[in-house]
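In the two complexes that follow, chain A is the common piece, with chain B as its partner first and chain C second.
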Partner chain A sequence: MRTRAEAGRQRWAILGFAVAILVLSFVVLKSAYYQLVLTQVLLWAVLSLAWNLLSGYSGYFSFGHAVFWGLGAYTVALGMLYLDLTPWISVPFAALVGAVAGAIIGYPTFRLRGHYFALAMLAYPLATLYVFQWLGYQELALPMKREAPLLYMQFEDPRAYVVLALGLVVAALLISLKVENSRFGMALLAIKQNEPAAEAAGINTWRWKMLALMLSGAIASIAGGLYGVVLLVITPETVFGMLVSAQALILALFGGVGSLWGPVIGAMLLVPLAEGLNAELGDVLPGIQGVVYGIAIIMIILWAPEGVYWRVLDRFSRRAPAPNTPETAVAGIAVNVAPLPRAPAPLGGSLLVLRDVGISFGGLRALDGIDLAIPEGGLYGIIGPNGAGKTTLFNVINGFLAPDRGAINFSGEPITGLRPSQICRRGVGRTFQVVRAFPRMTVLENVIVGAFVGAPDDATARQMALAALDRVGLSAQSSAVAGGLTTRELRLMELARALVPHPRLMLLDETLAGLAHDDLDGILTVIRQLRADGITVVIIEHTMQAMVKLVDHFTVLDHGRLIASGKPDDVVRDPSVIEAYLGKKWVDRVAVSAK
Partner chain B sequence: MNRKLTRRSVTAGLALGALVSPGWGIGLARAQTKTVKIAMIAPLSGPWARQGQLLRMGSDMAVDDINSQGGIKALGGAKIEIIYADAGDSTEKAKNAAQRLLSDHPDLVGGSGAWLSSFTLAVTEVTERAQLPWLTLSYSDAITNRGFKFVFQTSPTADWQAAETLPTAIKLAEAATGKRPKTIGIIQDNTASPVSFGKQLREGGGLDKVGLKPVVDQIFTPPLSDATPLVDKVRSAKPDFLMLLTSAMPDCKLVLEKLDEFKLSKGKVPLVGNGAPFGSPELLKTIGPELLEGLLFSVANWPMKGQEEFIERFKKRTGEPFLTQDGLCGYGDVAILKEALELAGAADKLKVAEAIRTMNLTTGPAAQSFPGPIKFDDKGRRQDVPMIFAQWQKGVPVTVFPTELALAKPFWPSV
Partner chain C sequence: MPFSANDFLQALAAGILVGGAYALMCIGLGIIFGAMRVINFAQGDFLMLGMYAAFYLTTGFGVLAFLGPYGGPIVAAFLAGPIVFAIGWVLHRFIVARVTGAGVAQIAGAGAYGQILVTLGISLILQNGGLIVFGSTPVGIRTPLSRQSWEIGDVLLNQARVVSFFFAVALAGGMYLFLSHTRLGKGLRAAADNPQAAIYMGIDVDRAHRIAWSIGVGITAVAGGLIATFQTFQPYVGFDFVIVMYAGVVLGGLGSNFGAFWGGLLIGVVQQMSTLILPYQLQNTAIFVVFLLIIFLRPQGMFGRLSERT
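The block that comes next holds the complex of A and B.
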C-alpha cells in the first residue's frame, strides 16, 4: 500500500500525463492520421489497464479479455443499428454489460486456478465470436449520421476522440490507483502471491476476485464501445479475435505487469511501433513489420523481464533493502517484544477439539479417526515423519480442506466446513511450510495484508501491523523490501502477518525448517513469548530435536493416525514412535539398550 | 569500431525510435513534376496477402500501360503514380492505412481497395469523409447501402449475385441436359459472404423463385475437421446439384475429397460455387485438376472474350498460370480512374468523382476489364452487369457464360 503522499504524487502524474497528451494532440500532431493512432493508443491502454486490474494485481491471467472488448463494441453497434441508440448512452451502458459479463464468467471460472483459469478464459471470446457469427452479425457498419453527427458521437475533428479516449485512460488510471491504495488492491496482491495464505489471513478471496473481474470487464467493455465508435465497422474477428486478448496482455507485460503505469507505457511504445512499422514496411516488404515487432518485443522482454516500468524503476530508484545485521536484530528481539494487547487467557479448558476427524484422497486415508483436544494457553507440538498427515491436519483445522467425517470445535463453536477466511476471523492464525512473501512490497505492507481482518479502516490496519512487527522484533526492517530478507526474517514476517489480527490459536507449519542454528534461537524466543502472551500455539515439525526443548505436549502422527500423545520425554521413548521414525530394527535396539 | 552495440542499446533505441519517430512518411520522395497520385489499399500481409498481391500485379500493369502510352492526355501527358498501403489483417489496420494515405498524400485524386468487405467498409468511412472517389471489387451490399457519394462498387453486390446465380445455373443445366433441376443441396460455412448469400436463397425467396427444393442444407463453422457428415447427407439425398459456399480453401478441399471418396465427384453431383476463390491458382495446386473438373462458379469478374492478348501479357509479366478476378479488377480500377481523369480534365478529386458518376464507357481498357458497361447508379453500383459463370476445364477456370463473353462452351457435368 502506498502512503498518502505517494498516492498524491501519482494523481499529479496522471494529471501531467493528461496534459501531455492534450498538448501532443492539440499542438504537436497535425494530421488526422496521428490523431487516429493516438486515439487507438489510448483505447488499447484502457483495455490493458483493465486487464492489469485483474491479472496484474491478482495474478489470475486472462487470455480472454477480448470478450469484454467485443461485447462493448457490439453493444454500441447493435444499439445504434436496431434501437437508434446514441453512443453517448450505449458506451456508458457497455460498462454495465461488461460488469454483468464479468460476473457470469467469473462465477464458474474462478473455480479454476493458474494455467487452467487462463485457458478457460481463452474460451469465452472464441465462443462468443461464433455466437455473433451465428446471429448473423458478421459485418456491422455504424450508419453515418449526417443530420446530427454530434448527437451520435461522430465528430469532424479527430481530436474529439482523443479527448474521449483520454478521459477513459484517466478514469482507468484513477480507478487503478484507488484500488492499489485500498484493501481491495492489497487483497488482490495477497491472492497473487499465495491465495491459500491470503484466505488463511482472513481475506475473502472469492469476493475480491469477482469484484476485480467485474470492474475489469466494465472498463474493458466501455473502451471496446468507444473503439467501435472510432472504427465504425465491427466484425466478430476484429473485436473478439485472439489478437485483441493478446494485445491486452502483451502491452501490460511489456510495460510492467502489476504496475499503474505499465499498461500505459506498453501502449505508448508498442502500438505506435507496430503502426509505424506497418506504414514504413507494409508496402515494401509485406509481413516484415510483424517480424520486426516480434523481435522488438523479445529483446525488450529479455532486457526487462518484468516490464519496462519495473526495469526503469529499479535502475533509477534507490530501493535497496534497509540495512540489517543479524546480530543486532537477534539481540533486539527479547527487549523488543511488546506487551500483550490483552490479558492472557487462563490455562486449562480445551480451545480446539477434534472428534473422529477423517479425510481421504482417493484410496489414501490421509487422516483417520483423529481425536484431539488442545488446551488453551499451551505450546503443542505435532510431529511425524514425512507424509504422516501433519499439514493435512492443519488444512482441515483452518478450513482449506473439509473433513469427510468428524467434527471440529473451536472455542466451543463448530467450525467444520467454514471458509478459511471465516475461521481466521474466529481467531485461528496460521503460517506455512514455505513462506511466500510479496517480494516487491515492504515488510510492513506484507503484514498489513493480515491486518484487514480485524481493522475497521486502513489506518488502524497500519497501526496493528506495526505493533505486530514490534512483537516479533522486525520493526527495524519494516520499510525494507521483502525480497531482500533472510529466511529467518521471512519467517518472522509471516509470523507477524498471522499475529496481526490477534489470533487465540496459532498454527505454525514447520516454522523452524531450514534455519541455521543461530537463527533458530531467535525464532524460538518469539514462539515462547507468544505462549507467555497467552496465545495457544500448535507447531508442526518433522525433526524432533528442536521440538523436545520447546513444547509442553507432543502428539505424533503416522499414516494419518495418532500413534502417541503426551509429555515430550515420554513420547520420544514410545516404541511405536521410534518405529515410525526409524523402523522396526531400531525399536529392538532401543529396547536392548534400555535394559 | 570501438563502440559496442549492446543488446540494451539496440532495444532502447528501438523503443525510443517508436516514441519519437517523427512521422513515418520518409518513403516516396521521388515526386516528379507532372504526376497524378492514386492510391491502392490491399492486404499485402496476413492471411489475404496473396489476393492483395494479385490486385497489385494488375494495377502495376495498368499504371505501366498508361504511362508508357503517353500518360493522361487531358492533363498534358501527366504520369500516374500509384501509392500502396497494406491493409494487413484487421479492419483497424485497414482504416489506419486509409487515414495515413490521406494525411501523407493530400493530393490523391482517387483510389481503390481494400479487397475484403469489412476492410473496404472501414476504409471508405475515411475516404468518404475526405470526398475521395474510391473504387472497390468487394461484394458486400453494405458498402453501397450507407448513402455514400464517393464509393463505387465495380462488382455486382452479394445479394444480386445470390439472386442471379441460381437462375443462371438452371439455365446452364437445361441447355446442357434438356432437364430442369428440381432439387438442390447447400453446404456453406458461416462467414460473412456465404451467410448473406445463403440468406438470400432461404429467406429472400431465391429458392422458391426458381422452384428448387433444398434436400440438403448444412451450415458449418470453419475450420471443418471432417466433411463426412455433410457429404453423407448429400449421398443419401442425391440433389440435382450442390451449391458449395465455402470461403476457406482447406474446407473446400475436404468437401471435394470426401465427395470423391463417396463416388459423388466427376459430375455425379454437379457443383456450383460463388466467388473468385473458387478459381484461384492455389485451389488448383492443392486440389488438383481432376477433382475440380466441371466445377462451376459465379463470379463478379473473370477473363473474357476480347481479352486474350491481355491475358497472355499478364501471364508473361507475372508468371501466374492464369488471370483471375483480382488481377483483372486491379487493372480495371486504375483504368477507370484514368478515364475519369481524362473526362474531368483536371487532377481534382471532386471532378474525378463527378466524372465517375456520369461516365458510360463501353470501349477502351476500362470497359474491357469488366463485363457490361462502366456506368454507375446513384448508390455507386454498376448498372446492366451480367452474371459471369466460369468453369474448371482441364485445369483452367474459363468463362463459359454469358455466351458473348465466353472463352469456352459450358458443360453440365452428368453421369
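The block that comes next holds the complex of A and C.
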C-alpha cells in the first residue's frame, strides 16, 4: 500500500502525462494519421490497464480480454445500426455490458486456478468470435451521420478522439491508483501471493476477484466501444481475435506488470512501432505487427521478465530497500507481550464442537467419525503421526475443505460449509504448517491483510496491525519484506496476522516445528500469553516435550480416528498411545524430566 | 429428431475419421505437457508448419511426382515430422529452454507464466511470419482420394480421411510403444514426474525436455500433414486447432498420453456430431463448450489424476 504522499505524487504524474499528450496532439503532431495512431496508443493502453487491474494485481492471467473489447465494439456498432443509438450513450453503456460479461465469465471460471484459468479465459473470445460470424455480423460498417456528426461522435478533427481516449486513460489510471491504495488492491495482491492464506486471513477472495474482473471488463469494453467508433469498420477477427487478447497482456508485461504505469509505457513503446511497421511494410509483409509483438514478448521474458518499468526503476533508483525503522517506538520483545484489550472469556462451555465429521479422498478416509468438543479458554493439543489427518482436521474446521459428513459448530452456530473467510470473520484464526506469507509485502502489510476483518477503515486496520505486531514482539521488523525473514520471525508474523482480528479460537499448525531451542521459548511465551488473554488455542505438534509442558488437554489422532484424549500426563501414559506413536524410550524421558 | 439415423451414422463416421488425426496431434501436445508441464500455445502453429511442409514437399519438391498421387501426400506428411522436429529443436535450444527445465526448477513457482508467454510469442511469430512467407490464400493438398468415397451401406467415407485415419492411428500406436517400452521414452516420463529429483539422479533434464518438445511438435506436424490431405488451410489455421488439441488433452487428462489419444478422438466426434444440431460455423463453439464443461466438471480428465496439496 502506498502512503498518502506517494498517491498524491502519482496524481500529479497522471496530470503531467495528460498535459504531455495534449501538447503532443495539439502542438507536435501535424498529420491526421499520427493523431489516429496516438488515439490507438491510448485505447490499447486502456485495455492493457484493464487487464493489469485483474491479472497484474491478482495474478489471475487472462488470455481472453478480447471478449470484453469485442463486446464493447459490437455494442456500439449494433446499437448504431439497429437502434440508431449514439455512441455518447452506447459507449458508456458498453461498460455495463463488460461488467455483466465479467460477472457471467467470472462466476464459473474463478473456480479454476493457474493454467486452467488461463486456458478457460482463452476460450471465451474465440467461442464468441464464431458466434458473431454465424450471426452474420461478418463486417459491420458504422453509418456516416452527415446531418449530425457531433451527435454521433463523428468528428472532423481527429484530435477530438485523442481527447476522448485520453480521458479514458486518465480515468483508468485514477481507478487503478484508487484500487492500489485501498484494501481492494491489498486483497488482490494478497491473492496473487498466497490465495489460501488470504482466504484464511478473512479476505473473501471470491468477492474481490469477481469485482476485479467486472471492473476490468467494464473498462476494457468501454475502450473497445470507442475503438469501434474510431475504426468505423468492425469484424469479429479484429475485435475478438487472439491478437487483441495477446496485446492486452503483452503491453502490460512489456511495460511492467502490476505497476500503475507499465501498461501505458508498453502501449507508448510498442503500438507506434507495430503500427508504423504495418503502415510502411504492411503490403509486403502483411503480418509484421504480430511478428513485432511476438518478438517483443519473447525479448521481455528472456531479458527483463518484470517489464521495462521495474527494470528502469531498479537501474536508476536501485529500488531503495525499505527503511528498517520500526513504526512504533516500542521495540517489544516476546516476553513483554501487550495484553489483549478484551476481557478473558469464562471457562466452561464448548467453543468448538465436531460431531461425526468425516472426509475421504478417493479411497482414503482422511477423517473418520471425529467427535471433538473443545472447551473455551484453554490450550488444546492434537498429536499423531504423519498422515494421521491433523492438518486435514484444521482444513475442515477453517473451511478449506468441506467435510463429506458430520457437523461443525462454533460458538453454538453451525459453520459447516462456510468459506474460510466467513469462518475467520466469526473468530477462527489459523497458521500453517508451511508458513504462508505474502513474501513481497512488508511484515506490517502482511498483518494489515489480516486486519481488514472487522476494521472499519484502512487507518484502523493499520493501527490494529501495529498493535498485533507489538503483541508478538515483531514491531522492530515491521517494515522488513516478509521474504527475508527467519523461520521464527515468519511464525510470529503469521501469528500476528491470525491474531489481529481478535479471534476467539486459534488453530496453530506445527508452529513450533523447525525452530531452534532458543527461538522455541519466545514463541511458547507468546502462545501462553494468548491463553492468558482468553483465546482458545488448538495446536498441532510433533515436538512432544514442549507440548506436554504447554497444553492442558491432549487428543491423539491416528488414521483419521481419535484414539485417546485427556490430560497430557494421562495420554502419554496410555499404553496404546505409547505403543503406537511414542515408543517406550520416550516415556522414560518424560519420567526423568518430570522429576 | 431434426436428423435421420443415416445422418447420425454419417456424422459419427466423419467424427471418428477426423478424430484419428486429432488424436495424433493431441498426443504431440500431451507429450510436451506431460514432460515439461508447459502449456504450449504455439502447438497449433507447429501443426500449421506441418501442413505447409507437407504441401510444399508434395507440390514443390516432386514427392507427388516421384511417389504418385496416392503415396506422395502421405510420405510428405511423415516427412513434415522431422522438419518441424528440427525447427522445434532450435526454438527450444535458444528460447524455450531459457524459461523451463533445470535452470528454473530451482526457483519454486517461478517462470510458470514466462513459459506460457514465450510460447505465445512463438505462436504470434509463426502465425504472422507464416502469413508473410506463405501468403493468406487458403491452399490444400489435392489428391484423387480427396474426391472419392467408399460406401458402407448408406454411409460415405471420404477416402483421404480413411487413409489419414489409418496412418494417424498407426503412428499413435508407434508412439505408445516408444514411450512405454524404450529406454528414451521411459526416461522422458521420469524427467516429467519430478525434474528436481531427476537432476539429482544425474538425468539431463534440459535434454529430456528438448527431446520431448521436439517429438511433440513433430508428431503434431505429421497430424497436420495428414489433415492437409482433406482440408484447406492458411497461416491462421492453428487457432482452430489449438482449442481442439487442448480440449482433447484436457478431456483425456493432462499428462496422460493414453488419455490424449481417446480425448482427441472424442473431440473429433463431438465436432462432427455437433453439425447435426448446430449450424456448421458453430462446430468449434461446440468444442469450446465441451472444453469449458470438462474444465469445470472434471479437470483431471478421463484418465488423469488430480494431485492436491494444502
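By our rule, the second predicted complex is superposed on the first by the 507 of 595 C-alpha atoms of A that agree within 3 Å, B and C clash if a C-alpha of one lies under 4 Å from a C-alpha of the other, contacts with A are read in each partner's own complex, and residues count from 1 in each chain.
As a working rule, contacts are C-beta pairs under 8 Å (C-beta built on N, C-alpha and C of every residue); 3 or more make two chains touch, one makes a residue touch a chain.
None of the values given here were measured: they were computed from a predicted structure.
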Using the touch definition from the top, say if A:235 reaches chain B (first), chain C (second), both or neither. first
Which partner does A:130 reach: the first (chain B), the second (chain C), both, or neither? both
Looking at the overlay, does A:246 come into contact with chain B only (first), chain C only (second), both, or neither? second
When the two structures are overlaid on chain A, which partner does A:115 contact: first (chain B), second (chain C), both, or neither? second
Of the two partner chains, chain B (first) and chain C (second), which one does A:31 touch, if any: first, second, both, or neither? first
Applying the document's definition of touch, where does A:270 land relative to chain B and chain C: first, second, both, or neither? first
For A:139, using the defined touch cut-off, is the partner it touches chain B, chain C, both, or neither? Pick first, second, both or neither. first
Quick check on the superposed pair: does A:280 touch chain B, chain C, both, or neither? Answer first, second, both or neither. first
Could you say whether A:40 touches chain B, chain C, both of them, or neither, answering first, second, both or neither? first
Shared contact residues on chain A, chain B side and chain C side combined as an intersection? 130, 133-134, 243, 286-287, 289-290, 296, 302
For chain B, which residues count as touching chain A in their complex? 7-8, 10-12, 14-15, 17-19, 21, 23-27, 44-46, 49, 52-53, 83-86, 88, 90-93, 95-97, 99-100, 102-104, 117-118, 121-122, 125, 128-129, 140, 142, 146-148, 190-192, 195-196, 199, 221
Residues of chain A defined as touching chain C within the complex: 61, 63, 108, 111-112, 114-116, 118-120, 122-123, 126-127, 130-131, 133-134, 196, 242-243, 246, 249-250, 253, 285-291, 293-298, 301-302, 305, 361, 391-392, 395, 400-401
Applying the document's contact rule, which stretches of chain A touch chain B when the two form their complex? 31-34, 36-37, 40, 130, 133-134, 136, 138-139, 141, 143-144, 146, 156, 231-235, 237-238, 241, 243, 268-270, 272-273, 275-276, 278-280, 282-284, 286-287, 289-290, 296, 299-300, 302-303, 308
Under the touch definition given earlier, write down the residues of chain C that touch chain A in their complex. 39, 95, 98-99, 112-114, 116-118, 120-132, 136, 235, 239, 243, 246, 250, 279, 281-282, 284-285, 288-289, 291-292, 295-296, 299, 308, 310
